[in-house]
Amino acid sequence: MPRLCRTFQTAPAAVPGDDTAKYLESGLTAEGFEAPDWLVPDIEDGTAPDMKSEAVDNVVDRLPALAPDFGGEIWPRVEWAHDDAEYRERGRSQIETLVAVAGDHLDGVVVPKVGRLEDVERAAVAVAETEREFGYDDGSIELAVIVETAPAVSDLPDIARLGETDRLAGLVFGPVDYTADLGGRSMDGERPRWSGLLERLSNEASAGGLVAIGGPFDRLFDERAGVTYYNAPGYADQVEREARIGLDGSWSLHPKQTAQANRVHMPTTAELESAVEKVEGFNEAKREGTGAVVLDGQMVDEATYRNFANTVQTVRAIDQAHPAQTAETYDGSLLERVRSVALDFG
Amino acid sequence: MPRLCRTFQTAPAAVPGDDTAKYLESGLTAEGFEAPDWLVPDIEDGTAPDMKSEAVDNVVDRLPALAPDFGGEIWPRVEWAHDDAEYRERGRSQIETLVAVAGDHLDGVVVPKVGRLEDVERAAVAVAETEREFGYDDGSIELAVIVETAPAVSDLPDIARLGETDRLAGLVFGPVDYTADLGGRSMDGERPRWSGLLERLSNEASAGGLVAIGGPFDRLFDERAGVTYYNAPGYADQVEREARIGLDGSWSLHPKQTAQANRVHMPTTAELESAVEKVEGFNEAKREGTGAVVLDGQMVDEATYRNFANTVQTVRAIDQAHPAQTAETYDGSLLERVRSVALDFG
Amino acid sequence: MPRLCRTFQTAPAAVPGDDTAKYLESGLTAEGFEAPDWLVPDIEDGTAPDMKSEAVDNVVDRLPALAPDFGGEIWPRVEWAHDDAEYRERGRSQIETLVAVAGDHLDGVVVPKVGRLEDVERAAVAVAETEREFGYDDGSIELAVIVETAPAVSDLPDIARLGETDRLAGLVFGPVDYTADLGGRSMDGERPRWSGLLERLSNEASAGGLVAIGGPFDRLFDERAGVTYYNAPGYADQVEREARIGLDGSWSLHPKQTAQANRVHMPTTAELESAVEKVEGFNEAKREGTGAVVLDGQMVDEATYRNFANTVQTVRAIDQAHPAQTAETYDGSLLERVRSVALDFG
């Protein structure tokens, strides 16, 4: 069963005003498709420099009450920088506070702006030492890193291999810092898509057994003819591109984006129907002793079968974690076939 | 002279029915543009699980009679899996039978689903040991691998370097298993194109002195307004994309695809005319002591010259192996210039 | 302040005729936007085989008089080939003559057709030894390499790391030789774009602290309805693609291309206005204690801020080196804001 991370929603852990934890709380209490698979209380760039310590306080204060009823995983993002020891020191201290006070409610921590392999190993050590210090089992607090610097991308194959033996569990793309690091330009208001890199991120994550997540889409709102509207089409385009190349999930900055990405990262009804039909058809062909068969104009063999089986398994994982979401999306007889069809490999 | 592999046609080595070797036989006896440069008797995914041993029998039984008159190379695909010792054991045993009984007629074996460098080395050892066991010269049976898993892509530069010293001769892309391995999706019925990876495959093959081959196109037939037709345009688009970035050949699932890809991987008449003219013009300019010259609006120097010379050399290779194909494609005076023009480098 | 290399203009160092140094001289005396940031006297492919030694003579003869008033950097391109010792010997000897006679006027040398890491190290040694022999300080003559062979691309991450400790200062793409090396085809008259590779080149250059430069555009002229014209749109498209992904500059074959690329690699007025506004707005938001803010429909945080700051810093660098160019391009009040706005990170 694949690990669910359709949505990686960052929520500033402290914002100015009377209720500094309001986004953190709304993230932890969101319902239905607005509830992210991973909630990321953001102590880094989403929180102002002079509110960092209040941000940490908010997280450890709210988690005990709200985490138990939250249906997803909880992954705070701390400060870090491969080229600045002061940021790393702060990050380490934030990790300590988070684990010391609220370690029971954390699935892992997100470390941004990592550099070469050695720097990612340094972050892994910081988590491991903290875990040990506060009596948690080895590997109980996982690590996800944001890939957003040129040296991290240069070392990506080696970094991802940490997933084979270590606590690394996820690779997240950070396009904004990455574009700044490479000196890229948004010549017509759009940043480069970094398609080549995203392919590699998806590949290395799969090779290392890691979850892969796309970057934030910050053109939240658009304007036309004097009317400002939520930019749903722009975000959908990005999330679809990410899903197509095998990223497991997308970054969300807003509950509306979460509701969208949770849906886009579910197979469509047409995809699912086709997958179930092809799986059933190929099961039948194999019983009749055929290695490959043309179904509906497409040649189906063991390899295509694996793709259709993936679709079925993704829906099964969502169905198990969020049955209300699958019930709302697919009709009952299709869901029944999803639950009962045999998946035979080899 | 470049090694010809415009077409890599897989033929199931055993199919249900009275004549289980019918596709194998038709592949080995195809004529004209329908004859593939490489024929790949498929013992793996194209053959049903319970017909594997009949598939091996068919290959060793038919090759002695049919291989001598087949104009291309013969490369059976055996079973293998980087993550499953049972498949590797079966693959090893299939290689042994093929080499023991029909080694004289084999150019190499195709090993699918390889993983990291160590796994490709393991496949190379299996071939080397079998070769030695049955008294063949070292390197007489070559190896091509299908690049279709995340770990193989992660290690691609190291894997390709085996071509410098070892028996590895070809890299073949396997997009269907690869898409499944990365969890990619065919959201509108089309798989991702993996353009970044294909560029790297072409590069690493060239760096290691290997042949590079694209993946199968399985939308063999399409339907519109109730009419089902052979999907020639879809396949041509893919083969052209592959040719453009320097893949030596394309995968074929059907004699119609073979006839198409053999043609697309020949320079067009317009390309060839332009290449011959530029080569002749630059030869003349060099005799007059010019290092670069503008011919027909394009600046030509030693570097552009190499590209035009490539075009001429490709046609010379096809002309030598298949003079009927070049005679059918180009007019006689153009072919005469191709055969006689001087190619001077440096 | 970023190192300026918006334009890398090659000029054949010797051409047939009465005035064999005419392109070299016009490059060194060009004015305004036609003056390249880097001038590359070309002793390699732009110069005919029998004029190589005259080319070297022209360079060392003209530099003492013309270099002091040239506003950019001077980087001769010598001969070299990773797979041919004779070319390397010639290149080494050309480097020696250039440094011996005109070392005071050189910023570095450009070495083409390099191969794997070992070959680039060999080129670096050739420069280092020459430098020492003629009494120049270590590192005073830098090295840029043209990335145009499959083995160089295969080793790109390791080659770029030479920038961390060695004299390597720049990576330049050579698409024409590269396409020939991979056996790529210009099926409709256009070479492949190698987009995946260009992303990697930009990344590795940033990771190694190197300048990254795109390849030449050789369709200098186009023809329509019987009229031949300078192909400004074609070149602009390529330069914009290069700027977008963070290449620092573009290759120019002609003063008209230099004038174009110098302009494209400056932020547009719209980009600059938006950047200055966002920087000012976010400075204000930070003073009010906000970590992220929506400005003009776009979410701005530390990461987006870095991109806007890049734009401002690029204009500051051009403004310092070429105040006439910024004065001609932007209005005075905008330039004043560029010069005075605070750039606060973290």
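Just so it is clear, A, B and C label the chains in written order, and each chain counts residues from 1 on its own.
One rule holds in what follows: a residue touches a chain if its C-beta (ideal position, glycine included) is under 8 Å from a C-beta of that chain, and two chains touch if they have at least 3 such contacts.
Just so you know, these numbers come straight off a predicted model, no measurement behind them.
Novice: Just how many steps, at minimum, does a route from chain A to chain C need if it may pass only between touching chains?
Specialist: Contact-graph shortest path, chain A to chain C, evaluates to 1.
Novice: Fit chain B onto chain C over the CA trace and report the rotation angle, somewhere between 0 and 180 degrees, nearest 5.
Specialist: C-alpha superposition angle, chain B on chain C: 120 degrees.
Novice: Give, as an integer number of Å, the spacing between the C-alpha centres of chain B and chain A.
Specialist: 38
Novice: Among the residues of chain B, which are close enough to touch at least two other chains?
Specialist: Residue numbers touching two or more other chains: 195-197, 199.
Novice: In the complex of these two chains, what residues of chain C are touching chain B?
Specialist: Counting only chain C, the residues touching chain B are 12, 15-16, 45-51, 84, 87, 148-151, 153-155, 174, 176-177, 179-187, 191-192, 194-197, 199, 216, 218-223, 228, 231, 253.
Novice: Residue numbers of chain B touching chain C in their complex, please.
Specialist: Within the complex, chain B contacts chain C at residues 2, 157, 160-161, 195-197, 199-200, 202-204, 206-207, 240, 243-246, 248, 267-268, 271, 286, 288-292, 294, 297-304, 306-307, 309-311, 314, 346.
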